[in-house]
């Protein structure tokens, strides 16, 4: 849990802008791929020396450099220097603990965000991403292999896609959209699990409910923490005056904003449902305790007086005239039955039975 | 529940602006109707080929094209192209999961919202709607048959109505107003059921109270989620400078805004009453448990000492001088009665009886 | 309760601006009175034909037309037409469910609000009011007879009052002030009843506490719902540039604003006290249960072992050597006393006694 | 309590600006003192006729007129007329229920606020104050004798103090600062008592804890209600353009603002600690109940089976072969011991012992 | 605790701007060190007479005067006078209770803040700091020895560091960054301890859980109280137009702002986790009580009827025909076994076993 919360593990005392790999987490090997295309051509290149592709031809509409895995920070440094990325932005790009944020100037956009997708049956998987958009090129820093971007690459491969025709700002949008799609998928998965949990709670089904509610709440907290700043972040993107986004792309960015707001609001609603569920769980626990107590009370209230009567006639006094009567035993038994049924009727009248 | 919460079911990986029908929900067949009128004439036409009506005569004050059911998305696409609706807006129009929103430019207004009306005895029915207003024409996208609009059509059929005299912006208002009326009807229905629930809670009447409170809270959450953005949405409409709404219609839009605010505030109040009711329910559960415990305690506290005394004289020691005395048995019985009444008085003094 | 929450009872499907009387509520008969005065003269006239007074003389400083009871909506309509009140405002004036609001233009002010005064020993009485201020005349729509305005009429009758000297804007202020005074009186009454309730809770006095707290909370919710919009409403009045209020009246309006803020804040404080009281009530319930359990536990823990010992010597084995000893019986009794006192000491040490 | 919450006790129906003394509260006798000084001179005069001092010499740097006690409202009225204080401000000055507020114009500042200082061992003492600052003179209205201002008078008496050199705006600051110091002292006192309470809660020490927490929360609510508006009030003072405060005094006013913010935030923190304490109290109550239940359960679970066994061999059947065996009694006793210890081990394994 | 909350311990009645040492806290001895450097030179001097270094040479890029410990307030006063620090700022610098704040003018920045670092296994250690930045010099007031700044000094000693090249504004940033790093370390430590606590809660491990949660919440409250104003404080620094920070340093200040926001949000998340944990703790307590009650109920429900049966045949009536039958004893034993198992099955069916 620690590593999910704190920002500078082991970095204290270092000069700011110094790249360090996140501790306590095996690093994915650094791989660089260059995707480039124009309307009629598309190619994917593996890149060994990041210094080369920058020079490499200007007649492509879009170039997308993917940097995956941060084990080799010198490569990251080289790329940063090559494209004029500020050291502090580079630091944010590889530091998985940083909060999502956007920085815009006249011609470049820098964004860090969390990629989240549903884990298989368990808590969602959080990753770290950074996108740097400059005229003609988009550089993405991905902590690991994000399956979210596969669909974008697929669409790109098909001719005739908007991705082929529009500039890198549309690619930027497409990647952001893929990330937000991941949020929706995560919410859907969480909603499914909450629904399942809810059924179990209402049916009172079982042990471990409390632990499941508790870990669900923590998942929700972490999700909200990653997603909450997105509203402001994308909102900032829509407010850029005349800069990085073309007028063709801007409506898409606005649509993205609507989706970001929807993600935040849906997560709020889920959170409130979760909290309503906890209330219900507590109430049903309390109801069940009530039922247990009633059973105990009914049994005790019926048998204690009866046992007391039996106790009386078990006393060994010599002068207990009833003991000698032939009708005494059946009479006592009968009155015991009467008392028992009387108690029963009383409980029924009180609504306990 | 899932389908109520998540936004892009099955759409991940598709190009944005691609129309897909909402999954897990049978689609209503697509029907198109064209309503058109001037002060002295009114007609309703079924439309088979959506491409035709656009050309069809310009001498009507208002034309209203109703598209109901989204099973045939190609029709939706055709209409969108015909009237210059942005693909992203078309997507929002048919995507039932999208959050209510308004988009305005100089001469058109695009609005998506939820129609809600009370279910018969059960949770309210949520639907999806979109309205697109352009000079001279209003296009409505309705997920299913919304009974809410029947009254508008009725008023239109009658001559002399404002609907006949004013432009499509007034029709736009009338439809929005019908939707908000649906919210009020839903609130009224919810308030009735909450009142019924409240009576049952105060009377402690019965099983299933917890489930009813719980599902009421979830209904309320879903209602609020749909209605909450309406305040901002209609607020935006009132703030349009000189554009889509004529000065005659603008006061009505402002009135609509007041109603939207009232819907939101009333739902807040209902929500707080619901939460107060849960508190009361929990307290009364706890009170009832208290009562159960008191009964148990009183019974046990009276009979345990008595049974113990009976147990003493049931012991088989040979040298128990009391056993031979003739007065001993009545004396023991008498002291038992005394102890019992003593306990009773003590409980009465403590306020337990 | 329903009628307190929903806004358009039975109006769905009607054209907006259509006046309907609020359903489920007997209407007060419509009566119209005209009060008019200048510094040296004051008269009250009953009005049968609302169309006449408008023409009636312009040499009065102030005219105040009171319309009480909305049973005859045609009269309301006539008055509205006579003074140029917008149909939507007329609708708000007679619709008791509408939210308090203020509408201002250059020379007129329209305000709807709730009049609230303390019920005798029960929940406060909510009413509906509307005020329409134009140069030279103020028109008030009152759902019933509001005793709140009696004092204003009294002050008016006395010569030398500011009401006589200033214009209708000061009368407008005086009426608003009377309404706000009603809020204060209601708060005072509620505070008294909350204080009484609090004493009963702390003393644990009695049955029905939960119901009283619950209905108090609902009263508070309804009060806040009516009063909350007043802050914004009166705030809007203070912000009017150069329009409806003269510079003499403006400081009074600002004072009114301070009082509105005070009403809202005081109701917040009362609400928090109420919620603190509920906590205390729940805690004291829980404490009392604790006490009950302790009594039960002490009794059971003392008598169960003793009864067990008595049970042992009540067994009928032939070879129980102790039974024949003369000292056995007193010895067993003695050890029982020891065990009993031992348990007592143990409980005292644990702090249970 | 009533008198702490409601604003216009008995004033309903009176003309606004009419001075009435607060009901239900004996009024302090009205006394007027005039303090005046320049760098080298300082004098305190008792004033009988408030009309005289105004004329009285213009060559003092600062004059401070203290009006203490509001029993004689005609005096207050005279002073108000003399210095041109608005009747509504005068009303606020003597009405102890009014909310703290500040009114500024080009050359005067009017402020009402609450003075609070710690009661000796009990709840804090709330008072009412008003300050009216004009060029050359400051007029203070004090409900009673506020010990808070004694230190200011002391500092004034000493030569060389800033109070001697600067104008009445600095005196204004000094008085406000004294009031805020009173808030800090109150917070300190409350913090001490909360700390004491906390120790008692953690140690589970005793009866009356609930009442103490409850009244502490109410004290806190009243404190916050008085102090909360101070942030905005002093904030308004700092924002005055070029007016009432000289550039020498302005930094002090800003410092005052920081202190006001600190008071509000500290009271928030204390409130949250109080609420955390209530949670802890409830939990510990619940824990204690749990412990009680465990004791009961252990005792019952051990002795019920044993008593049952004893009961079996206490039956009077003629054919119970075990009864005649010599080893039966010790065997039964032995097995009872075994069962007892077995239960004990089971509870230990479950962690109950 | 008191001293953590209140602001002016013992200062009431003193003239503002009067320096007093914080009471109830032994003061660290005042030590002054002067660090000065240019790109190629670096020296640390102990300073005895604070009046001397100000004159001392202007050819250093940066001079940093560290004042540690406030026991000798006259020294602080001297330094303040020397560099033209406002008396109120000096007071804030040494008053450990003051709220973090920033004051900026054209060429100087004054900041007070809390230094927090994790205590060893216990609550975090709070300290007080003030930084005063002027062209060419930075003056730091440290309540005690803050280990946080050691790393800055280390980096400074190494040649080639940005600290050597940039001006005192960068040093200012570096110190602020060190303080924020301390917050992160504290959060990390708290997160670790919360995680540990969470494990113990889920495992139900033990006594003292409640106290630990409680003190953790109080720690969190104090942490948030110190850290909360940082967001606004650093936000103000970033908004300075053209003033104290050079364009080289400004991006670093913005990065600092991001970190401050992250600290605040992370502490919010931790706080919510803590509160979720309390809920879980309470629920699990309640669950455990439920389990205890079930055991009690099962035992009582099984043995009470059996004991009653044994009691019946222990009665001493002369005419109890069953007693003479040879099969009676085994039959009774058998039916007891049947009843016992029957109860067992019933509980299993109810899900209690």
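The first chain written gets the first letter, and so on, giving A, B, C, D and E; residue counts start at 1 in each chain.
Operating definition for what follows: a residue touches a chain if its C-beta (ideal position, glycine included) is under 8 Å from a C-beta of that chain, and two chains touch if they have at least 3 such contacts.
As the structure is a computational prediction, the values presented were derived from the model and not from experiment.
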If a chain touches chain A and chain D alike, it appears here: E
Homomeric contact chain D-chain E: same or different residue positions, threshold half: different
Computed distance of Cα centres, chain D from chain C, in Å: 26
Chain B-chain D separation of Cα centroids, rounded to whole Å: 42
Multi-partner residues of chain B (each touching 2 or more other chains): 282, 286, 289, 293, 296, 300, 304, 307, 311, 314-316, 320
Chain contact topology (line, ring, star, complete or other): ring
Sequence of chains encountered when the ring is traversed from chain D in the direction of chain E: D, E, A, B, C
In the complex with chain E, residue positions of chain A that touch it: 1-2, 5-9, 11-16, 86, 88, 92, 97-99, 101, 204, 210-211, 213-214, 217-218, 221-222, 225, 228, 278, 281-282, 285-286, 288-289, 292-293, 295-296, 299-300, 303-304, 306-307, 310-311, 313-316, 320, 322-326, 328-329, 332-333
Residue numbers on chain A that touch chain B, as the complex places them: 150-151, 154-155, 161-163, 174, 177-178, 181-182, 184-185, 187-188, 191-192, 194-195, 198, 202, 251-252, 255, 258-259, 261-263, 265-266, 269-270, 272-273, 276-277, 279-280, 283-284, 286-287, 289-290, 293-294, 296-297, 300-301, 304-305, 307-308, 311-312, 314-320, 352
